[in-house]
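Sharing a structure here in structure tokens format.
Letters A, B, C and D mark the chains in the order given here, with residues in each chain numbered from 1 onward.
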Amino acid sequence: MLIRVTPDVLQTDEAIASVASAGAGAINVFLGVVRNNNLGRTVSYLEYDAYPAMAEKVMRELAEEARARFGLEAAAVLHRTGRLEIGEASLLVAVSCGHRGESFEATHWLVNEIKKKVPVWKKEVWEDGEAWIEGPESMGIQQAPAGMRGS
Amino acid sequence: MLIRVTPDVLQTDEAIASVASAGAGAINVFLGVVRNNNLGRTVSYLEYDAYPAMAEKVMRELAEEARARFGLEAAAVLHRTGRLEIGEASLLVAVSCGHRGESFEATHWLVNEIKKKVPVWKKEVWEDGEAWIEGPESMGIQQAPAGMRGS
Amino acid sequence: MTVLFFASVAQKAGVRSLALALEPGDTVARVRDRVVARFPQLESSLPTLMYALNEEYVRESAEVPAGATLALIPPVSGG
Amino acid sequence: MTVLFFASVAQKAGVRSLALALEPGDTVARVRDRVVARFPQLESSLPTLMYALNEEYVRESAEVPAGATLALIPPVSGG
């Protein structure tokens, strides 16, 4: 499984090749890309911070869970860090499986879980300021994570 | 809009570049790939026939409809023809839009409609024979198409 | 006018296209019947066959304009 | 043990990591309180802060083992 947190440009072809399988009839690829606007403000660029070791660990756990849950042949999850310009991909999720229905469900599920659980943060930079985004999709705001240690 | 029926290998990067847009936060790409089995039989390879002019016309109409229906920035639809080996992509659909939910919905809708309406046919070739697949997903079997001319 | 054959229908007919003379009042169904008279082996394809005139799906009652291209469309299976 | 700071928390603290001496019976909450005593500007982050010990999310009641890495995790916003 291709799992990577990296400052380098995400390579779609590499991710697709990594999930190739003779039993796969469907490959779905999701790219999260930097948009020029958010909540009505013009975005100049984004800056991503990450806890790379833990981010890769959580991404791998989620990819394994998706594989079991949706009967995937394979999955790949890559997240980029550092400064990203408009149009660049910050997140790449690719899955392969027998049929198309599961490919859409699995990719959508993975993207949702990644946004809740993977320790990565974006800072929006505007012409007149900047702010770290503290995600409304984070489980820290929405809910406690399953399987926490401690009482 | 990139719309193409071609005997050449489908290029994912070209399709992604074609849907790039500064307003897009999500890009979804679906690849239909040749699987080594179908309905319990081992598949050696596939042979695709097409009515290229009409196929491109229907693909373009569906891409335009998807753009309007799901608020897409752009869409691309490519279908390959001729002999395809296991693991090669026969269909590529890419869409870009503001948010991820619509990107999954739009791509899934487009793939479903393409399988119902675009005049392309696959022949499965096995070790001991071959057969043209006459699709259960074709509207010819499922339903009459909307907007037909004639009485 | 021209008739186009694809996939299983082309394989059964042994041709991919056919030039036909148009007769007054010809509909898709009448042209189709002349094609089947010429290629009786297409009879078994009829129950699921669809038709396109000049690259647009039509019912078999549609009139065939001069110079039209009629495509015989077996159930599609792309993707 | 080591404490890691990220994103808005790192920006407020002005550091990305801190070495701390572990005390007997230390929990995440106790270590976190010593960090906040040192960086009072982190007080406003507390309501939404999560914690990871050795790369695993934990509750603040979890005990901190010797040599552990504790990460202060503001609400994530990747993707």
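What we mean here is this: a contact is a pair of C-beta atoms (placed from the backbone, for glycine too) under 8 Å apart; a residue touches a chain by one contact, two chains touch by 3 or more.
These figures come from a predicted structure and were not determined experimentally.
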Chain whose mean Cα position lies farthest from subunit B: D
Subunit A and subunit B, separation of their C-alpha mean positions in angstrom: 25
Centre-to-centre distance between subunit D and subunit B (centres being mean Cα positions), rounded to whole Å: 49
Where subunit C and subunit D are represented by their mean Cα positions, the distance between them in whole Å: 73
Numbers and ranges of subunit A residues touching at least 2 other chains: 32, 111
Subunit D: positions in contact with at least two other chains: none
Touching pairs - complete list by chain label: A-B, A-D, B-C
Residues of subunit C touching subunit B in the complex: 4, 6-8, 10-11, 28, 48-50, 52-53, 55-62, 71, 73-79
Residues on subunit A engaged by subunit B in the complex (per definition of touch): 12-13, 16, 20-37, 86-87, 89, 96, 98, 100-101, 103-104, 107-108, 111
Residues of subunit A touching subunit D in the complex: 32, 48-51, 53-55, 57, 79, 90-91, 111, 114-123, 132-141, 145, 148-151
